[in-house]
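In what follows, a single structure is set out as structure tokens and then discussed.
Chain naming follows the written order as A, B, C and D, and within any one chain the residues start at number 1.
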Amino acid sequence: MSCFGDKSLIKVLFFAHLKERLGCDSLMLKAAPATVAEVRQQILEMHPNWRDDFESLAKLSAVNQTICDDNQLVETGDEVAFFPPVTGG
Amino acid sequence: MSCFGDKSLIKVLFFAHLKERLGCDSLMLKAAPATVAEVRQQILEMHPNWRDDFESLAKLSAVNQTICDDNQLVETGDEVAFFPPVTGG
Amino acid sequence: MRQENLIQVQHDDFDISALYHFLQADNVEDGAVATFLGAVRAKNLGDNVTGLTLEHYPGMTEKSLNDIVVQARERWDINRVVIVHRVGALQLGDNIVFVGVTSPHRGNAFDACEFMMDFLKTRAPFWKKESTSEGDRWIEARDSDAQKASQW
Amino acid sequence: MRQENLIQVQHDDFDISALYHFLQADNVEDGAVATFLGAVRAKNLGDNVTGLTLEHYPGMTEKSLNDIVVQARERWDINRVVIVHRVGALQLGDNIVFVGVTSPHRGNAFDACEFMMDFLKTRAPFWKKESTSEGDRWIEARDSDAQKASQW
């Protein structure tokens, strides 16, 4: 069920209910160095119909597999992930 | 190494270093209902040479196998124990 | 030699004896071993639940667990650490997670173990989904877990 | 059926798998199992120490452990409890004590387990004696243990 946006340089991953609702587990973004907030915006510009699911389920983000907030800088080559609050343990 | 005082109605036990220093693990006391403090006094009247060891090592007491303080009442038939601070676990 | 980690994400159940062996073998420094074991319980599961599936974010999972151990080592005098977390399909009563830690100090072992569980619950990318007779549903995160983690 | 105790004072080592089995078997209520294992460590022992002997007050030992479990049950929602404490001659690295507790709630399991260990350390009538090449000596109680117990 993977779906790709612009063939480009930032890899974006989705997990759990967010992944299921979007029907998408990953995409590639063409983006200059930006913040996580700007990455969110760019994704929603490409997929305006994802807004509700994104707002309710993309509560957490990670850049290069480390949890971060929306101010975190993202550079080309980075892996950005969005997911709901975790429920392991 | 057990040694008995007056054949009577309160059983007194000693443990660990206290037992070793006194060279005695138990004795019987003839005592009317009294407090633990009074039991201590009565023992030291019978064995004045135990005073130093008693003061340094008989830090804890139990009546009928429950830790208590010196105000605890002791009745005939009870089991009273004196011992140093515990070091298990 | 003293500070060692065993961090694993796996489908299979774990062997508790083997985990204790890792914590204790040739370890005469540490008198204290604190552990936590989490299992699938009835209350986790709603009505008609037939099982549970644990999804994770491969790669980040191991990294986040490693980060949690690094943080614990910065705060407490601990030596050996085990974290094992299962993924995939689980049944009622199945083990989910084991966290174990050794220390010369009892209090350090307890605190580090609880800290690691609290952080794992809120930082490690695992998600539970229930399978029910009416379909699947994702389990909601609990505010109490976030509160517990924020107290450290 | 849910609230069960396993309280033992024994010479032999204990089988950790069997203790976990007691805590977990047919127990789908409790997702949380917190345990503590205490062992003879090098730092406990002075120079030239060849072993350790644990003396106890038979009868009161079991009673005091039972009392500690009763108090823990009054304070926390816990179900199965194990306390096993060894007595007699022990060597470096040998297990001394195991405390385990189950609960539906992670925090309750941790708190009750640490409470029971802290109270055991200050209330249960066990005493450790070191055997050294120059003779035997009794281990001194530590103020830190009394302080820890007084915080509950």
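The definition used in the following text is that contacts are C-beta pairs under 8 Å (C-beta built on N, C-alpha and C of every residue); 3 or more make two chains touch, one makes a residue touch a chain.
Just so it is clear, the model here is predicted, and its values are computed rather than measured.
*Asks:* What chain groups remain joined by touching if subunit C is not counted?
*Replies:* Connectivity without subunit C: A | B, D.
*Asks:* Using mean C-alpha positions as chain centres, tell me how far subunit B is from subunit C in Å, no decimals.
*Replies:* 48
*Asks:* Report, in whole Å, the distance between the mean C-alpha point of subunit A and the mean C-alpha point of subunit B.
*Replies:* 72
*Asks:* Could you put a whole-Å number on the gap between the CA centroids of subunit B and subunit D?
*Replies:* Here subunit B and subunit D have centroids separated by 26 Å.
*Asks:* Hunt down the residues of subunit D that sit against at least two other chains at once, touch-wise.
*Replies:* 38, 96, 117, 121
*Asks:* Any chance you could list the residues of subunit A touching two or more other chains?
*Replies:* Touching at least two other chains: none.
*Asks:* Which chains touch which?
*Replies:* Chains touch in the following pairs: A-C, B-D, C-D.
*Asks:* With touch defined as at the start, can you tell me which subunit A residues reach subunit C in the complex?
*Replies:* Contacts found on subunit A: 13, 15-17, 62, 65-67, 81, 83-89.
*Asks:* Using the touch definition up top, name the residues of subunit D that touch subunit C in the complex.
*Replies:* Touch list, subunit D to subunit C: 16-17, 20, 24, 27-44, 92-93, 96, 104, 106-107, 109-110, 113-114, 117, 121, 148.
*Asks:* Please name which positions on subunit C make contact with subunit A in the complex.
*Replies:* 38, 54-57, 59-60, 63-64, 67, 85, 96-97, 117, 120-129, 138-141, 146
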